[in-house]
Each structure stands twice: as C-alpha cells, then as structure tokens.
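By written order: A, B, C and D. Residues from 1 in each chain.
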C-alpha cells in the first residue's frame, strides 16, 4: 500500500468536512469508520473524556453540529455512541510486552471561510470545504490524515511491534480546549511515550524542528457580570451596572502587574454589554486570555484576573461568573525523545534538515496531554514538520505543501519502530 | 358619524400593524389613504423632512421595513412617494383668514413582543400585533387614531372654521428621533398654535394634566471607535485597542462632572467590542444618552461626552465617530394654551379633573417641533390625557383604557373650535 | 451692662486667637474663664464627648495645639481638665420647674491666612489673627461671643427664668466633626428645645432666615490603601500597587450611581500616593466627601463608597482602611420653634425682615446635635442671622457686619424669655 | 606613590560628603582642587553641560546645595566657576599624536540615611556621611576616588602615553539625569574610546563582567495637570478636575500596549493631587518611568505615555505638562574594547575571573555618553568590577569591599596603557 498517497487522499477528504471544536461529528465518524474495521479498540464519547475538565463547549453548538452530521448522512449509531463528545482514543495491543506509545492528532478546524482564489489547491483539485464559514486553515486535516495512515501502517506491521500503541484523535485544539478533557479521561496514564506534531508553522518544506520555542502557557476565560436593571433617570439607585463594572474590570485587567521572570500577556478580545440605551445595563460578557512564558507566570496572570473580576464585581455589587474555556501549559520536550525524532527525521529523504530550536510563538494543548503523561512518569515530544504554506495559519488562503505529510508519517513511523519495534 | 367609535376602530386597526421608528410604511400609507380622499393636502417623504436633521435612521432597517410593507400589500406608488421617509404633514386651508393651528400625533411603536395573556384586550378582541417582536405598547396607535379622526371631523366641520389646520403625523418618536427632522422641514414655521398629547402615562382615566413636569432634555449618541488589529502576544505594539479605549471612555463618561443648577444624567446602555479572544480589538461601539433638566444642563453633558470621546480616542490612537441619534429639548408650555386646554377639558363629560402639574419623567421630541414653532413666534402646549393602563408603557402587557381616546378627541376638537372657530 | 458692646468686644478678642477644630484650647479656656465665675456648671474634656463618635481629630495636631496654648499662657490646670478634648457644655438650673433649652455656638476657625488689606476691619481696629495661617473667616468668633454674652445675660436674668438652660460650645464644626461627638455625650438627651444660628451666609444685615434650605447631609471619608513594595522591572509580581488601586477607586467613586430621589454628590478632593518613581507604590491616601439632599441619599452614597473601596482593594490585593472624619445630617427645623424665631426676630429693631426659605447650600453638624435631641423627643431650630460680609466665608478677606451680633443676641435672648420665662 | 591606598583614602573622604545629583558642589570642588594642580585642563559649569539637555534639576534644590557647600567652607570662587552646574570634564594632552580616550566616573549619592550599625565600616572607621539623609550607598564615592587616582597616575606616567585623555566626572547619575547634559556639551565628540565601570552590583570581589546584560533603556517623566477649582456641590460644572484626570491617566498608562519584541515596563511611582476635600482638585502631579529592552521599545513606551497624557488632558479639559527628568539608552559595548578589558582584567592579581555576560538589571546613563561617542565614530565599554557588598545598592547598610578599588584602578590603568601607550 502506498501510505503517502493514502495520507494525501485522506487529507483531501477531511479537508472537505471541516468542523469546529467539539462539533467534529463527521470527522470522528470518519475516523471510527476507518480504524475500527482495522481492529483498533476505540474509546468513544464520554469513555475518552474527563467531564470535569471539559472547556469551551456550548451545548447548543454541539446540538447544531450533531444535527448537521446527521443531515449529511453520518451513521446515527455512531453519533449516538459519541454521546455528544467528539474525538476518540484508539488502542492496539500487540500482545507482546513492551512500552505504551501514544501518538496525538488534533482534528478540528477554524472559523474562516475558505478563499475563492482559483489557484488555491483545494479549489483547483476540487476538495475545498463544503461547510460554509469554516475551513481547515490550520492543517489539522493533515494531522488527522497522518493519524489514520499510521493506524493502517501499525496494523499492517503489527507483527514487528511490541507493547501497545494508542492513537489520540483530539477534538477542539483551537482555543486549547479539548486536550485537558482527554487528559482527564485517565486513558493516557499508562503511556510511556507521547508524540505529537504540527505541520508547517515556521518551518518550510524539508525542515523539522524538535524543540519549538515560545510555546506559551495560556488560559482562556469568559467572564459574565449580572447586575440589575433600572431606569437611569428615575431610579438609577435601584440599578446595578454590569457594563460599568465590565469596563472598569477591563481597565484593571490590562493594567495588571507583569511578572519579573518573563513574558506575561493579557488580551481582552471581546465584550458585549447592555440591553438598551436607556436601561442600566444588566448583562456584560468579557472574553479574555492570558499567556505566560512559564506555568508560574501564566498562573500569576490567571490569579490576578480572577481577583480583579471578583473585586470589581464586589465594588459594583453585581454577580459574576468566570468560566475557564481553554488552557494550555508548558512544552517540556524530553531530550531522549527529541534525539529520537532528530535521528529518525534525519534519515528521511524528505527531510533536508533538523533544527533544534526555533520560535513557534503560540499555545498548544498537546501540553495538557503531555503534562498528564509526565505526571504519570512518561515522556513527551512535540515537533514541527515543515511544509511550505501559501498564507499564514488561520488565513482563508492557507494551504500547505502536502510533502509535509510524507515527512510527518515518516517520523511517526520511524519512532514507533524504534520505540515499539521487536 | 360616531367619531369616538371611529377612533376606537382605527386604533385597533393600527394596533395590528405596529412599526418601529423610520419604518412606518404601512402606517403612513394607511394615514395617506385615509386623509387624502378627504381633501387634505399632504407633504410626503422628503417634502416633510429636513434631511440634515434626520437621526437614528439605519438605511438597512428602512429597506427591510419597506420590503415588508410591500409584501403586506401596501400600494407601491405610495411607498414610492415616501422616498424612504415615513410620516406625513397634512394641511387644510379653510379659505378664511385665521390662525394656523397644528396638531401633532406620533405614529411609531416599540420593540417588544406583545403578551400572550388571554385577558389582554388585543387578544380578547382579536386585534393583537401581526408583526413579530414589535407592539404598540406606548399608545401611539391611539394617538394616530385620534389624529385620523380629527382629520375627518375637521373636514366635516370645515364651514365652521377659519385659518389653516395642520396635522403632523410624526415618525420615530421612540428614541426622540423624528421630531427634529420634521421641524427642520420648515413646514411648521407658519404655525401659531401647536398642540400635542400623550395618552395614559401617569394619569388615570378621567384626568388631564396640562403642565407635565420632569420632561428632560436629552441627547442620544452612538460612539464608534476603530483601532487596528494585531496579535496580542506576537505584536501587541502594532495594535490599536478600540475595546480598551471604549472601556476607559465609559468610565470617564460615568464620572463626568454634574451641573450645579439641576439634574443631569448619563447612561451608557450598550457596548459591543472586539472580533476574537486573541486579537487586539479593532471595533467598539457604545450607545449612550445624556439628559438634563434644562437645555443648558443637557448641552453641558453633551459637550463633556464629545470631549471625553475625542480625548480618549487620542489617548488610544484610535479613530472615532460620534453620531447623534436622538434629541429632545425643554418643554415650555404656553400659559394661554394651557388655560385653553384646561377650559376645554373641564367641559368634557369624560374628563373628571384637570391637574396643572404632575411629574411625567421622560423625554419627548414634541419639544423639537415646539421649539421650532416658538422660534418662529408661535405657541405650543403638550398635555397628558389620562387612561388607565394594564401595565407600564413599553411593557408587553401594556394596554390603555380606550375611553382616553374620547377625551383626547374632545380636547383637540374643542381647542380647534376655540382657536379656529369662525 | 451693655450686652451688645460686650459681644463686640468678646468677638474681637476671640478673633485674635483663632484655632482649628479639636485644637481650640485657648478658646475653650477663655470660655471657661468667662462662664465658670458666673456660676455655670461646666462639662469639660471627656465629660462632654462621646469618645466613639469623635471624628477627624489627629492626635499630633491636638498635642501641638495644646503646646501652643500653654506657650501662650493658658492656665495649665484648665488644659489638664480638658484631657485633650476642646469645647464645653455648660448648664444653669434656675431651680424652678420648666423646660430644658439648649443654645449651640461653634467655636473653631478656618485654615486661611488673614488678609493684609488695610481697610480690613481686624487690621484697622487692630484685632487681627495672632496665629499664622489660621483665621476666623467663618464667623464662629461671633457665634462664641454671642454665646458668652448669653451666659452673662441668663445669669443676670435668672430670677425671670424657669427650667434649665444649656450652652453648647461646640468644637470642630469645620469639616462637620465635633457635633456628633458632643451629641454622643448624652448631655443633650433631656433637651426640649435646641437653638442654633449662623451669622451672615446668604443673608445681608437686617435679614433673618428661619428655614435655611439646601443644607445637605454629608459624610467625609479618609481612605488609606496599603500595598507591598517591589522593583517595578525586576520583580513587579511581588508588588501590590496601592497607587494603581487608588486611581481605579477614584474613577469608580466619581462614576457611582446617583439617586433618583434627589441630589447626591461626591468629590474626591485629595490624593497622595507612592514613595518613589521606581518603586511599586505602597501607600495611597484619598480624601473624599459625599453629600445628599436627604439622609437616605447620603447613606446610599456612603454605602457605595465603602463597597467600592472594599472591592477595589480586593481587586488589587491591597489592605485598606476607611475612616469617617466628618458627618452632618438633615436639617429638620421644628415649625413651632421657627414660628417663635420669626416672632422674636420680627420684633427686633435690628431686624428688617424675616424670610422663611432661602438657599444656604452647605452642610452643618448642628444637625448631629439636633438629630440627637429629636430622637429624645425634643425640637430644634437653626436660623441664619444676616450680616453684610466683605468676602465669601472662608476667604481671607472675610469680615462680617458686627450689627449681626445684636440681632443674634436679640433672638436668643427673646427665645429664652419665651421658652423659659416664668 | 601607593595608588591603591590613595584611592581608599579618597573614597573615605568622599564618603563623608555625599551629595544628591546636581547638588555635588563639595564633591566637584574636591575634584577640581585635586586635579587642577596636577595640570589637568578642566571644563567647569556650563562649559561641560549642554543646557538644553539638562533634566531633573530643580533650581531651589541647587541653590540649597550651593549654600550648604559654602557653609561647609568650600572655596567660593570654585562655586562661582560652576555657575550652578556640578561635575567637570578634565583633559590632558600628552603632546604626542594618538587616540582620545575618555574615562567616566559618576559622583552623586542616594537619598537614604546611613545606618547606625556599629560594624558598618564607615562607622567603625569613622568616615560615615556627615550629611543628614543622604549617603553614598551606590558606590559612586568609589568611582570618583578611582577617577581621582587615575588623574594622578596619568600625570605621573604622562611620558609613557600619547594622544589625549579625558576624565568625565559626571553629576546626577541617579535618576539617569546628568549623562545627557554632559554628552550634549560636545566635549566627547572627539573621543575614540570611552570606558566606564560600576563597582559591586551583581559581581563579588574578584569578578569582572565585560558585557553586563539587562541594562534597560529608560525615560523618567514628570506629568503635571492643571484644572480649575469649583465648589463640588454648588458649581461642579465650573470645575476642571485634575485629580480625576490623573487617576484615569494612570489607569491608561498601566494598561498601555507592551511591545512584541521584548521587555517594556512602566511604573507610576508617585502621585499628589488636590487642595482640599471639598474643592474640585486643581493640581495633580504624577511621576513615572518607562523602560525598554531596546531603544525602540523604550521610545514606543514614551510615545504612548505622551499620547495618553495628552488625550486624557483633552478629555478632562485640563492643562498639562510633561517634563523629561531622566533618560538612559541601550548599552552597546564594543567587542574590541570588551576584549581589551577582558585581557587587562585577566592579568590583574586582584581579578580571579572575567565573566562575559551577567544580568545587571538596571539603567545607566553612561549610555547617553556612549551613544554620543558612538554617533561620532568612537567606541565604548562599560564593565562591572566585582566587590562584595554588605547590603543591596541603595540600602542604608550598603558598603562594598574596597578591594574592588584596586581592580577598577588596575583595569583603567591597563586600558589606558594599551590604548594610549607609546
């Protein structure tokens, strides 16, 4: 079987059915339909989710996504098995003693409308997004395709392998939401080695980076204030002004103390408040994120944000609610695994050079899985597989050089052979 | 003809086709179809509007309203005559020398969904709103019905009258938007006497108030800030934060200096800002209103608001725009006309008592018309015609005692007889 | 004895020894030395003070004032009797049954340097302030002089009187601090009638006003925040920024909700914060006052202020302290007593006219005494005795027409005769 | 001559006469009295100062300092020569062609009271500060002593040298104020090599660091707002609230955008505002500093600060003034000179090790001189000479190991020999 061709084919199929985080019903169904017949044992729905750790998953959005999946003809029994929770963790036991190795692939897309440009490959080759307003403009279609290809390869080479292999198809990476939930399932607690990768980013085709830098810890918070309505002229004293509270809160948030040990950031990205021009505003909603170079710094920012919200709500006598809707931690790649990837990648014809350190400059909830694995004594490695791109990630003109799929597959395959080869 | 029954019938017809301000195409058509056959000369569309003074009239909303009117079967030639501007001013010349008397009736509705309660009269008597989400819950259906009845009565009694009579069917009173535009048309500049009324409010059935108090000057402003997007971690220095600017602006607005001479209020009722959690926010929109016991105080508040917006925009290096979307002035009832209304009302069987001063506590853009009339040497009077109500104005359970229509009609009729009787 | 001449003489003596509130050691000594020989029973020091209700009395200022009094030759035994608390309440029992009438005179001065203008009467007549930086520029020298003259008159006419008379020489009226403390002594709880007056204000010579209006309730607060120092570049995360907290707090305070039922004001008059340019500020101090047309409104403002301080301190994780340093309440003049003053004043040759209502526009802690008297079943009246003035109160060029002393004395005398005459 | 002993002796003499920046009249006199007899040509007063670039020099402080110097017996003709401007630049021409080398020594002290601890060396050895409230707790006494010792050594070894040597005794380094002024004199424009050093800091005795890191650019700003007074209850509309403006300004300053390319900091360290509790505040003064990892970042912060002040003043309709009272730039050590210092230091018995990079973490206005030299084509090097210390710099218990003087002298001497040896 030509695994590379298969990966490209799968990637193009997935590219046509992009789904936003926690709504990946078509995608999860496709994954299950692909790997279950191969013999993978799958954990589906709440089996692979720690419910307490679920973040940023609006119920009505989930329902709408499920409905669309059914309308598109997805097998209702699969949908039912998911119980509303997308993604899956698959396991294959070689029957031989050996380590547990997990490979992680994120499956969700981004909320941008795909470009109409004629020379955009998905347009030229006729595999553009069939879902309005959403698009795989971050390369997760490629990740998933590589994951499915690995599922096939592992089964095909099962007799050369020992130990157990797990494939983690993670939902809702965008907004760093799904990682914590899968980590909390406990299904990774026996993992010795966890590997994950991102395509493209700051690396061109032919390059692999084994220590991406500038991967920031982050926490995403939704803050809601609730006051009390009143006529602003007749009885302002009866009102409790949620909008005023939110505005003061934002000023305080932006002016919060920074940390002396490194970069800490805050952004308040959105705010909606009020019901009408002549009513003391009752509702205000603020969406923010903090980031930190280290977990300590990020925690410091989060603590401040929580305290500011609480204190400001008290000052304005309004109710409040802080919801954590996303979280990612520090990337602590294991030197042994980094060396392994360096060695494997270096041996691939499609890889021209392996760089050690290069600035990535974003957040990744692979870190949530990695932290869990590390806590249980395992090791992890997250690397970047270069691929030329036509535009920056999350842009509607984004596309990546599919040669990257070959390299990514090559590294995962090579690592599994090294780690679980008999 | 039984004018009172006619007024009730018209009120119920109008109640079924409520339209928000600047969207009263059905209502205006109904008015024109009623009074033009009677011989009233009508000013329609831009003929009765000073374009520079138009406030709070979103073009897309106007288009949608027009489309609905057409769908509901309103005569397209009428719609065309309106040129997008609702309301009308009608004139009848008795042919005899005499004063010019104008009667003003506001025609728009409120954006609330009418109640489903069975004993709500419009439900019981089957004349509830046929338009989803909007309702005549401020009594303007009654005002318009009285206006149309007066149109009939005046024509019927033309030979007993001298001078000229004008009927002003004003659009967009809610949000105090339409008055200034009709005033700026110049069509009131020859008016000697301007009369207007509101049903219900703080007066029960049988009561009339000729000096409503606490009518505040007000200005409604929409403020828009526009910044520049940037990645909040990678390049915050490239951003210009419109949300942060708006928040600081709101804090400054709420803390603006009050006036030593009397009541001045400010409310920031709504705010929307930002495009995404992890983007420096580019757009922010703030809706506010100021009020003042006098025009001087209101102007002081407006000046401060403008200065605060300008300064804050400068501090944050963002662009800004302040749009005045509503305005009302001082109510300066003329003692002579107030005496006239007192006398006329006192003689009506449906009126039990006339009170001089009673607190109304709101704003009215009748004042914009009155100010124009006064500037040209005329006099004005705005009175309240009592009517028991089932809920406060602007509530979905609002209904008023239709006996109020009789009193209102009686007063307008009586005054016209006194002012323009031969 | 010529009581009027005596009053003028005393006033000029007192004018030379102005003392700020809670530092009136010379003044109190002079009062005691004048009235004790006459047979008045005096309550001195803590005997006439409710310690829990003492406000705005800095210990170091008291010590300095005491020291100056001693240096100026004030009898040390008198100073000792005061135990650090100035003012006195004196009582005279006629021995005959009858009502208890109290007259209140405030004794402190203002912190302005007296003018050098040659035609300023105290300069011309050589009785200017001998204390640098302070001056009787509010007329309390006149009040005290009238009080001392009444002390003499009452003793001289004791055989025409019944019941008991109390003279309240109140410290620290400026900043509305001393009234509450004397009220809390309980010495007024048996008072049937309480009378007090202010010279000049909005009334010219010859006018008396018996219902001064616009006397606002007020509360004066000192707020102190305490944070934690840190190097702003090396370890900002270790700091707790009291200055930043205070600034946000001020913005919130100025924007607090107003009350729909009437005038409510807030002013933040002073702020001091920080220790050095390159240290995270540890200390911040804010001085503010709120006022309200009614006690309800004033309380509403105070509650908000307290809540805002508490919430903001929480948001910034700093310690805080709110100290009430002044308070005045509603002025509720009793109609019976107002009639009495009207009658008495009307009969005086020096009084040309008695006006009922006139706007005073300030706060008075006579109200604290009056509220206590009222709570115990008594009645009170505060009137203004007109006197032309050369400049506004609290200005360094202020002087008042001493003819006002005659009228004031005449009214107090006449009222005592009416209330306590046998 | 024993130069080391001489340096120690001088240091102890200087330690007793600490003077704050721009007030170093005694110190400057001592320098002139030491080096002028040796034959150095000196530039004094305005000869060595670019007046336009003078920052943070309050005239009244200068006068007071001058007066003290005279009282302490400093030669009045020297004081007169200074024309109010302390510091001096001295030049010695060897008469032989060669490069121009400048050595810079800062001479001012810090505003802390020296400790009373008995085992504090200046107490034990009887050379503690004779000036109340100020102390050489930053080691500049040592710097100046080394400078004076170099003056002697250079004269003693003039026949082994070529080119010209300049000694820059810089005033007002604390608060980074004096460097810019001396740079603007133009006296450094012909300098080929500029060397400067700091004692102690993060290096223990025996260590020398040639590339101190974390030297931040900084700008110190004093902001003054001026409003208009008014009675906060009677006529708040007439006021212009400088305190409110300052508070909003501070909130905006603390929340200003950071820079994506590196560390940028802001601290608002002090604020004073208002005249009284019941007056709309007229004056507000804010002291702040910004810092930046690079000049670009620092400029970005300064630009924002200026814009924020301007915009906020506009919003509150108050006047404002921004005064730059201190400034330091980037430290760009020249590799050639750094190598030279490494080599020279490495050869000294008192130097155990030379480290290349070590975090200093402060600002230095040596950078202002270095930037000027660089702009004219010269090179510069600033190094740290280790010395054990008894407490952190700027602490009242600070003292440094005088062995550092030996190393510092050794390096300057060695460099001069290398650069200007014949």
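Note that in this section a residue touches a chain if its C-beta (ideal position, glycine included) is under 8 Å from a C-beta of that chain, and two chains touch if they have at least 3 such contacts.
Chains and their UniProt names: A, B, C, D = Amidohydrolase.
For clarity, every value in this text was computed on a predicted model and none was experimentally measured.
Participant: Please identify which chain has its centre, taken as the mean of its CA atoms, farthest from the centre of chain D.
Facilitator: Greatest centre separation from chain D goes to chain B.
Participant: At the place where copies chain A and chain B touch, is the share of residue numbers found on both sides over half (same) or under half (different)?
Facilitator: Mostly same residues: over half of the interface numbers shared.
Participant: Would you mind pulling out the distance in Å between where the CA atoms of chain A average out and where those of chain B do?
Facilitator: Centres of chain A and chain B (C-alpha means) sit 52 Å apart.
Participant: Quick one: chain A and chain C, Cα centre-to-centre, how many Å?
Facilitator: Chain A and chain C have C-alpha centres separated by 68 Å.
Participant: At least two other chains touched by the same residue of chain B: list those residues.
Facilitator: Within chain B, the residues that touch at least two other chains are 233-234, 236, 241, 244, 248, 251-252, 254-255, 258, 265, 280.
Participant: Quick one: in the complex, what on chain D touches chain C?
Facilitator: 175, 216, 220, 232-234, 236, 241, 243-244, 246-248, 250-251, 254, 263, 265-281, 284, 287-289, 291, 361-362
Participant: Which residues of chain D touch chain A once you look at their complex with the stated criterion?
Facilitator: 251-255, 258, 265
Participant: Which of the residues in chain C end up touching chain A in this complex?
Facilitator: Its residues touching chain A are 231, 233-239, 241, 244, 248, 251-252, 255, 257-261, 280, 300, 307-308, 310-317.
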